[in-house]
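Which chain is which? They are A, B, C and D, in the order written, and residues in each are numbered from 1.
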């Protein structure tokens, strides 16, 4: 992990209430997935080229019709207001100002319209399918109206993973924190159950979401090639390979090991993003070489927020972006098009 | 291992005499098999599905013509009276009340008829083939008469594995504890040698046992595909993949690694169960994905017995069952029929 | 390692002068081979059979026309007089009395005729090819006359491996200790250089040794299939797979990993023995399953000698033999003919 | 690592200013490559031959038309004057006197003509392509005039790897240390930027260098078979497999793992050298068996310089050479021609 990111973790640990730090830091079950995500990226070795012209390393990234300065984006972590009062206004602002992809969580601590304004450029909206689907549909229409360019449908959370490390802790979350984006759609006596994730949602709903919102839909949490293809067949524009930060099914195949088969299956038919355990430019380079179109940072953004708000988020994104550019230069790859799977090997099994 | 099960181990360690704790806890030889059984399950990774309808996760399990609420059952540990006075009455009662499979050991601390009554539903009887086969045959006839629905013939104990950790310890076992179920068949001057396991028993005896008892016979301790087929050919209804809790041949291939080949070989021809090192729902999910029809818990039941008798056993079974249901929901598998080997991979060798 | 063997090591460490203990205990170079020999056996897993008739487990072993009670024999460690005054008289006597194979080192601390008498049955003679080949030839003729049934030609010691751990130590070896078996062939003013190993000896000499001695010749130190075949083609009756106790080429492929290819290549054409790191019956069972006809114990015999002379050597051999018989019973193999490579797997790479 | 080399490290750590020690010792990024280079050599196992004539082990090495006494040479570490005042005069002198290959760094602390005189035999010149190519070309012409027999073009350093361990340290390098070999080509007001490495240099420049200098060119830093072939096609006489001492792209495939594919691709078309993590004769033997024509020592030469100047460098080179000869004798290989890839295996993955 880049030294700056390590500093952010340390600062977050110091500044955040312990329960909040643990809320963001922890995973489900035995936290086996949580613990091995980063190591999985580091299990790859790089096979750089020599003597290539790398005077200019171009990280320009085209995703779903938009152009970004970098393939390093922000993952949709919820409740960023717990990390910093500015929350998603700060993370979105930092990402947008520098041209990084930004995915806003449904569980944003700020209204999506405000965040959209803070980003000031393209952004995507993450969504759960709620038991009351009219809530979901109202929300995605609103997101589209506010300028979201894509939806990220979280597919790996039919039920919520059990976080043993949270047993006995309690986060002081204002009662309406959960409802920042939902309250206006829920009537005077909000029924929180209606806003819970619906464990009955199926692939068919992908098409419905696309239709309702008029936006491309990426399915997040895909770890299997067959699922990726099924998502595309159901109308998805792509997938996000993810183990949900090690917070859902423990022992899920790490993103770094699941990515190659998913990316090969998707090929040119769709967009493939990945998150989980990425901490420097070498991790990014491995992900891109294995077929990802972009990578998303989750906890690093949260820790940066806690450590220094928008400026620190910008610093973290820039540091990873810059480290990736440096790694690409050392690998003899002057553009993302030159990054292919011949750059990586996994010799230790 | 689930936190509740860890608590049970701690309570058992505190409450049981040291020699008894060590009797149940230990393995044979260098205890290499004992030590790696759980890790072998954890060496698999899961490839969950996204966006499947998992509103209802159905664990209904059909085994040898009976329907159980759960594929999580009780393995035939002997001498459960050492762990709790109620012994098998408690473990069998807990399993039966909740609809879990239950296998009673020949070396039960309570008469099999009493345990049958405590279970109050289907149960299976584990049997060794004794030097005096008339003893074995009398016993299995009695078990059948008492309502056993199947026999589990232990096949991996022609001689008893050497437990170095028991050297120098002595368990205060009443002289007749060994004979609770056998005494009435052994005459006035019981010859314990007659009740020892016969190292000369061969596969042919499987058919004889089935014939004598009128019950389906599973062979326990099978780790090889060819043995599994030979058992079926000899008249077995299936096998239990097991290393006998690491108490027989040390360095035996762990159940978790032996299971796939055995299950593939058996296919639809018979029933495959597995035990050894299973401590939570993820282990169960891996076992089911690798082809097991059900899993059996050995030591976890003993520790629960010691920790809190019948109630604790019920709690342990429910916790594992519930964790399995949760894992299946997260994996997108709403029924056991949806659990196949595409859900697992073993990427680290 | 069997507890008894561990006790012997501890006793040897206590009783022997440190330099002597280190002389026997150490290896060459970084001692990487020394350290991994035992682990290599333990990297295999066993796939036992169930329900086989193992009332009698027969370890009768036929080697080069002789019948032994056991496939567990004594490797040719030199200078056993350093471990115990009775040296090879004790180890040979213990092996011979119980019917174990015994290989006497050229560098025996006792005259070969005396050892032959102590063995009282078949034994083999280990030989280096010396610079003055007439010495070698006189010696092997004498060994044959004294009743040796085979020669074991050490092939892995063209030069002596460097034992860093011996730097700065000095063993008080009487000047003629080296020459116990050679003195009478070397004239009045012995030239020790003449008795050094000849780095120029080649495979052709195998046939010469067989011719001179009239005995079958095994080549010791073979780790490659092609070398094994070349030895047979040169007239050898078989090979001993060995890394010389980790005392010659460090990082040599461990015996346990080299054995399968060598045994497959040799097949029925010759005899295959193996040594290095064997410490219990499970190691032996793995070796036999991988194709060895017998196994040899080196250091365990030396430590037993130091711990308790002939009686302790007998105890060590019996303990390993008995542990092998027990393991075979648990594996469902009633004779060496039933031990095949289906009994072993190496699932962890 | 050979004990003598370990002593040199300890002496260097004691004698050198901490910043200088860290300058030479450190690597880039997380120093993952730095840390695993040596282990990668040690992950191979050796399969020695028995009974080969090894009375004379011949290490005579022919490289690019010159004959050397040994395949163990000196890698082009820069600024050796920081380690010892005599710097490259000492290391080159030691190598030349004993007949080892010697590669002089462009960033030598002494003028190349003086070093050439100190070597007194064939030597090679390492070169970066500078932004001002006339500088590079003047330099290589001068090297050729001074007797260099080959150029080693560093290809893995289009930009400089980030050495986190150097953050906050400062080496007292005289202002002109960088320019010892360049000053006379740079005019009165030297522009250091002109002497920086040009990130735009491509394979085409290999031919240009060969033409300008009239010397064969090896490209250093090649880890891929396709790059190796591309270098040959561009006019290179061969490659040096290298991760630049773990100082450039962290997580690059270790030299020991990259070498086999590169050597196979190059075959007889060119020369293959290798460096990185080599610390004894066994490492060298593995490298030669995997297809290297020679190996280069980087840090071991620097530490020897610091420990004892020219004499210590000579001692280090002799120790590694001698250990290789010893290992070859034990492996039954009497000449480099007998060292092939059947001597190595990598059984642990």
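Assume a contact is a pair of C-beta atoms (placed from the backbone, for glycine too) under 8 Å apart; a residue touches a chain by one contact, two chains touch by 3 or more.
Chain identities (UniProt): A, B, C, D = Alpha-hydroxy acid oxidase.
Being a predicted model, the structure only gives us computed values, none of them experimental.
Visitor: Which chain's C-alpha centroid is most distant from that of chain D?
Guide: B
Visitor: Since chain A and chain B are copies of the same chain sequence, what is the angle of the rotation superposing the Cα atoms of one on the other, rounded to the nearest 5°?
Guide: The best-fit rotation has an angle of 90 degrees.
Visitor: Can we say the copies chain B and chain C touch using the same residue numbers, with more than half in common, or are the two sides different?
Guide: different
Visitor: State, to the nearest whole Å, the distance from the C-alpha centre of chain A to the C-alpha centre of chain D.
Guide: For chain A versus chain D, the centre distance works out to 43 Å.
Visitor: Quick one: chain B and chain D, Cα centre-to-centre, how many Å?
Guide: About 61 Å separates the centre of chain B from that of chain D.
Visitor: At least two partner chains per residue is the criterion; list those residues in chain B.
Guide: Where chain B meets two or more other chains at a single residue, that happens at 349.
Visitor: Where on chain A is chain B touching in the complex?
Guide: So the residues of chain A in touch with chain B come to 29-30, 32, 153, 155-156, 158-159, 161-162, 164, 199-203, 205-206, 219, 221-224, 226-227, 231, 248-254, 257-258, 349.
Visitor: Which of the residues in chain C come into contact with chain B in the complex?
Guide: Within the complex, chain C touches chain B at residues 3, 42, 44-55, 280, 282, 326-327, 329-332, 342, 345, 347-349.
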